[in-house]
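Okay, so chain A shows up in both of these, paired with chain B first and chain C after.
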Partner chain A sequence: MVEKQSRWANLYLIIIFIVLYLPIFYLIFYSFNAGEYMQNFSGFSLKHYGELFADNRMLQIVLNTFVVALLSSLLATIIGTFGALGIYGVKNPLMKNVLLSLNNILLVSPDVIIGASFLIFFTLLGLGLGFGSVLMSHIAFSIPIVVLMVLPKLNEMSTTLVDAAQDLGANSWQVLTRVILPYLAPGIYAGFFMAFTYSLDDFAVTFFVTGNGFSTLAVEIYSRARQGVSLEINALSALMFIISLLLVTGYFFINQYNLKRKKQYKKGRNG
Partner chain B sequence: MAQTIIEFKNVVKSYEETQVLKGVDLTIEAGKFYTLLGPSGSGKTTILRLIAGFSSATSGDIIFDGQRINDVPANKRRVNTVFQNYALFPNMNVFENVAFGMTLKGVSKGKIKEKVTSMLGMVQLAGYEDRSIDELSGGQQQRVAIARALANDPEILLLDEPLSALDYKLRKDMQYELRELQQRLGITFIFVTHDQEEALAMSDWIFVMNEGKILQNGTPVDIYDEPINHFVANFIGESNIIEGVMREDYLVSFAGKEFENVDAGMRPNERVEVVLRPEDLDLTTPENGKLVVTIDAQSFRGDYYEISAHDDDNNEWRIQATNPSIINTRQGLTFDPEDIHIMRFDESEDDFDARLENYED
Partner chain C sequence: MLKNRLFYFIPYGLWLILFVGAPIVLMFGESFLSMAHHFTFANYQNFLGSGIYLQMMFNSIWYAFLITVITLLISFPTALFLSNLKYKQFWLLLIILPTWINLLLKTYAFIGLLSKNGSVNHFIQLLGFAPQQLLFTDASFILVAAYIEIPFMILPIFNSINEIDNSLINASYDLGATRWQTFRRVILPLSADGIRAGIQAVFIPSLSLFMITRLIGGNRVITLGTAIEEHFLVTQNWGLGSTIGVVLIVAMVITMVLTRERKKRGRK
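Right after this comes the complex of A and B.
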């Protein structure tokens, strides 16, 4: 009975993964099409990859996207970490809840509304739209993500750790840099990568605040898709999928390696 | 008399409405092993935190080496703490943990290495420098925490229930080790615990606390033999506490009979409480007994039998005997005059000490 159940569960899992991955593989498959459309596979060819690498505008946009993602997630991580420390330090529970709710509202509110409000905000201030406005809005929507990743780690930290550091002679700055931040590191890294991916694939907010001369991948693909997706986009998607795949496998192996090393250490100690 | 190192003068600590310390006075002399003993919530950890500087007194003076230190921050005090959960830094290995205080002070690398090696040797963890914290057992983490605190050469080492997370055997071993360490280093130890056995075994001097007050302080023997009131008698060891009347000096009546004893200095016919320790009571034949009791139950405790019984006045008695007894039989109960300890109701510690002073030679 149990075995039967687990077989059904496996089947269910397999179907779900097929449904999730099939469109991506379909896309990648046609990136190798010798023809111009996602119909009638007429033969294997790398010509769309060639087109992609010859398309300077596209490469510039890829670069833009990564620069914005890297810068915005970096700055958001710094601001968000201190924000989390600030919220953690608030003694009044009501005040704390208000701050947390304000943080969470930004997370759940639709991107369209955030994008529109940024547009209004930047226009009111008379700031030009372009790299600056995109960067600032990406920082803004990434901060709550970082706060959300760092705060649980802070709450989990025993307060006696801070007491212990002070007890051993650390001033506030030393407590922060030598004890608290290293402890929070996993949360900070997680926040950084979350912010990075959010920024990479953000469409709605960017769409509102991007100007004439500046574009990111999501916006560019959208505008090209309106004239029918060229297979160059497929080639780009395939490349990005492979890069993400490599990153995930790399992460998996590093984790595996660390776990194994730790286990061996323990075995050596007990044996 | 040794030099006073810490003094509390009428120290009060309140959190919003609740007072957790209600005007505490205490004096701590350099080089001794002190224990703050009390149930949870008695304020013993609060005293420790006030000495360490993690919280500040609502009123009163805390004096360290003749200077008021109420406003000196924790990182400037020559006091180090061993925490209940050890509070080792998980992002550092054993060496870095022990070296932490010295690194902050800018001690040279060579000196740090030398000191860490000697500290780890002292707590029997030589060669553990490169281990990470989560690879250590609870007992080993405990030792690292002690080494880390002592590496700063504190004047006082504060220990906040450091043994409570260890198993029984390890706890016993650590008691001996801590006691031995304190005597070797000559540093003042202030140890917080709710375990009376631990307090009796390790301390030079015990402060018994309850509800934010120090009820009694003295050597372990004094506190065990002469508890000041019902709470202390019950908290330190097991006791039979019976209401009685002090007829005159050296004569007390309880359980319907009069007994010779060794206490004096009370009003004639004053109502008192009488304490008899279970290990001071012996069972005998009913004819030879000072009291006659009926055995209710007994349980085997390894080195003794714990027997519960009741007398004809329906007072409960607990007796520790080396030989088993028979349930529902009547037995005689004997004890010596010195085994009877008298406690007055609401006697302050000063009056108690003065009275003892008066009639004890």
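Right after this comes the complex of A and C.
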């Protein structure tokens, strides 16, 4: 719906955008402060970035966070794509609905519940808490979003594609790798991106299952923030903001690519 | 084509059993265990019997309610105005972008903004008032929680408004409806599903936020989530923690039932 927008409406939007971005730019602004606090800007300095890059513990934690995010989103993408293929194959509508509801449980559950119940689970299994438990938790809560990203692509895939491939003598492995997966690729990439950001963003679940030896960025920021302000965290947040920007841009281009393909596909069909 | 469906289901099915089914069942079981791992109803008696926990639960629900209402009041006009913009998908992306910044970093920013010598207090002083204690108050907790939840409310409402057929609105004007009537009788009912989805997306997490209560609320505000964290990680009373977890799950299910998509009446 498009109608004429009043000046007040635009002013309101501008205020909302300012409010949404103010805290983020505030953080970044003070990362360049020569002083030690998030107030009284006393001069431009990069010293907090220097501190950040000299802080081996922090660098190790940044590395941990990205390793967990990359591994968990990769594995979640594989399992989730298989799951979507499985759900797609279920013909009974009731069964399908049950599966979809089960799939969505972890998406709607509060983080605290996921974290606490996983903690009980890992303790019962006798698994030590650390890298393994964090990685498994991240895989677990990322799988449903991958399924939700891949399933719509499967549903819009025309079955004649698969039939044609089979008629031409492709075996089921070839059908999967040469026809279905390439068709699903945009959905799979989108799922991977979402899983990656879920993992980078997670605090609560990790906080429950991380134990003592292993830490991710969010958990580390939490424990440092409880001790007070340190502008090293500001420097870090400026870098994280840039990474988020890159990720969003990437995601945006995947979406554009999807739309373009859809249009081309339609064009091909009509003309 | 999908003869090997069973094969696809092996990893996914394992995940369903191990990470969706088992943990919830275990948590439910744990809620009936005493600290010495004996079967007991004591946790539930403790929760329902002592006024402290019930009070805490109602407080938590009240705070979540306030956060949801504030978020909704801010988000609905935003979504409505956004849907009128020319490059609306781009602006929507800008609304979503802050959600990709780690939650902890955003919360941390407010520690700086709201602290005793922080920028908000500087601003207050410029206006000629004495600096206020802003951090560690109920209001600051609600403010920060609402700030974090706003994009999650805007997104579903925007999507439902965006789907409204323009001709319906034009028809409403042609038939003599005023702006307000069009809003009240056409736009609002047609965006109801988006509002419900938004309430769901905000209310449930608001019940369970615990790091904001710690960092911004200064332990003054106790939500269900904070209580669970406390019992699991501080006092190590997993039984009682699980009981509160079960209560939180029940609250979540009730919220979802109340805000589920209504069956469309009439033709569709």
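We adopt the following convention: the second predicted complex is superposed on the first by the 235 of 271 C-alpha atoms of A that agree within 3 Å, B and C clash if a C-alpha of one lies under 4 Å from a C-alpha of the other, contacts with A are read in each partner's own complex, and residues count from 1 in each chain.
The definition used in the following text is that a residue touches a chain if its C-beta (ideal position, glycine included) is under 8 Å from a C-beta of that chain, and two chains touch if they have at least 3 such contacts.
The structure presented is a predicted model; accordingly, all values stated were derived computationally and were not measured.
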{"item": "Contacts of A:158 with chain B and chain C, given as first, second, both or neither", "value": "first"}
{"item": "If touched residues of chain A are counted for chain B and for chain C, the larger one", "value": "C"}
{"item": "Touched partner set for A:239, first chain B, second chain C, both or neither", "value": "neither"}
{"item": "Contacts of A:34 with chain B and chain C, given as first, second, both or neither", "value": "neither"}
{"item": "Which superposed partner A:183 touches (first chain B, second chain C, both, neither)", "value": "first"}
{"item": "Chain B versus chain C as contact partner of A:70, first or second or both or neither", "value": "neither"}
{"item": "Chain B versus chain C as contact partner of A:166, first or second or both or neither", "value": "both"}
{"item": "Which of chain B and chain C A:174 touches, first, second, both or neither", "value": "first"}
{"item": "Residues on chain A lying within both footprints (that of chain B and that of chain C)", "value": "166"}
{"item": "Chain A partner contacts - residues on chain C that touch it in the complex", "value": "1-5, 8-9, 11-13, 15-16, 18-20, 22-24, 26-27, 30, 74, 77-78, 81-85, 91, 93-98, 100-113, 115, 117-119, 122, 147, 150-151, 161-162, 164-166, 169, 187, 200, 204-205, 207-208, 210-211, 214-215, 224-225, 228-229, 232-233, 238, 241-242, 245, 248-249, 252, 256"}
{"item": "Contacting residues of chain B [partner chain A, same complex]", "value": "52-54, 73-76, 79-81, 83-85, 87-92, 100-101, 104-105, 135, 148-149, 152"}
{"item": "Complex contacts: residues of chain A adjacent to chain B", "value": "158, 160-161, 163-171, 174, 178-179, 182-183, 185, 262, 265-266, 269"}
{"item": "Touching residues (chain side chain A, partner chain C) in the complex", "value": "1-3, 5, 9-10, 12-13, 16-17, 19-21, 23-24, 26-27, 30, 37-40, 78-80, 82-83, 85-86, 88-90, 102-103, 105-106, 108-114, 116-121, 124, 136, 139-140, 143, 147, 159, 162, 166, 172, 175, 180, 197, 200-201, 203-204, 207-208, 217-218, 221-222, 225-226, 229, 233, 236-237, 240-241, 244-245, 247-248, 252"}
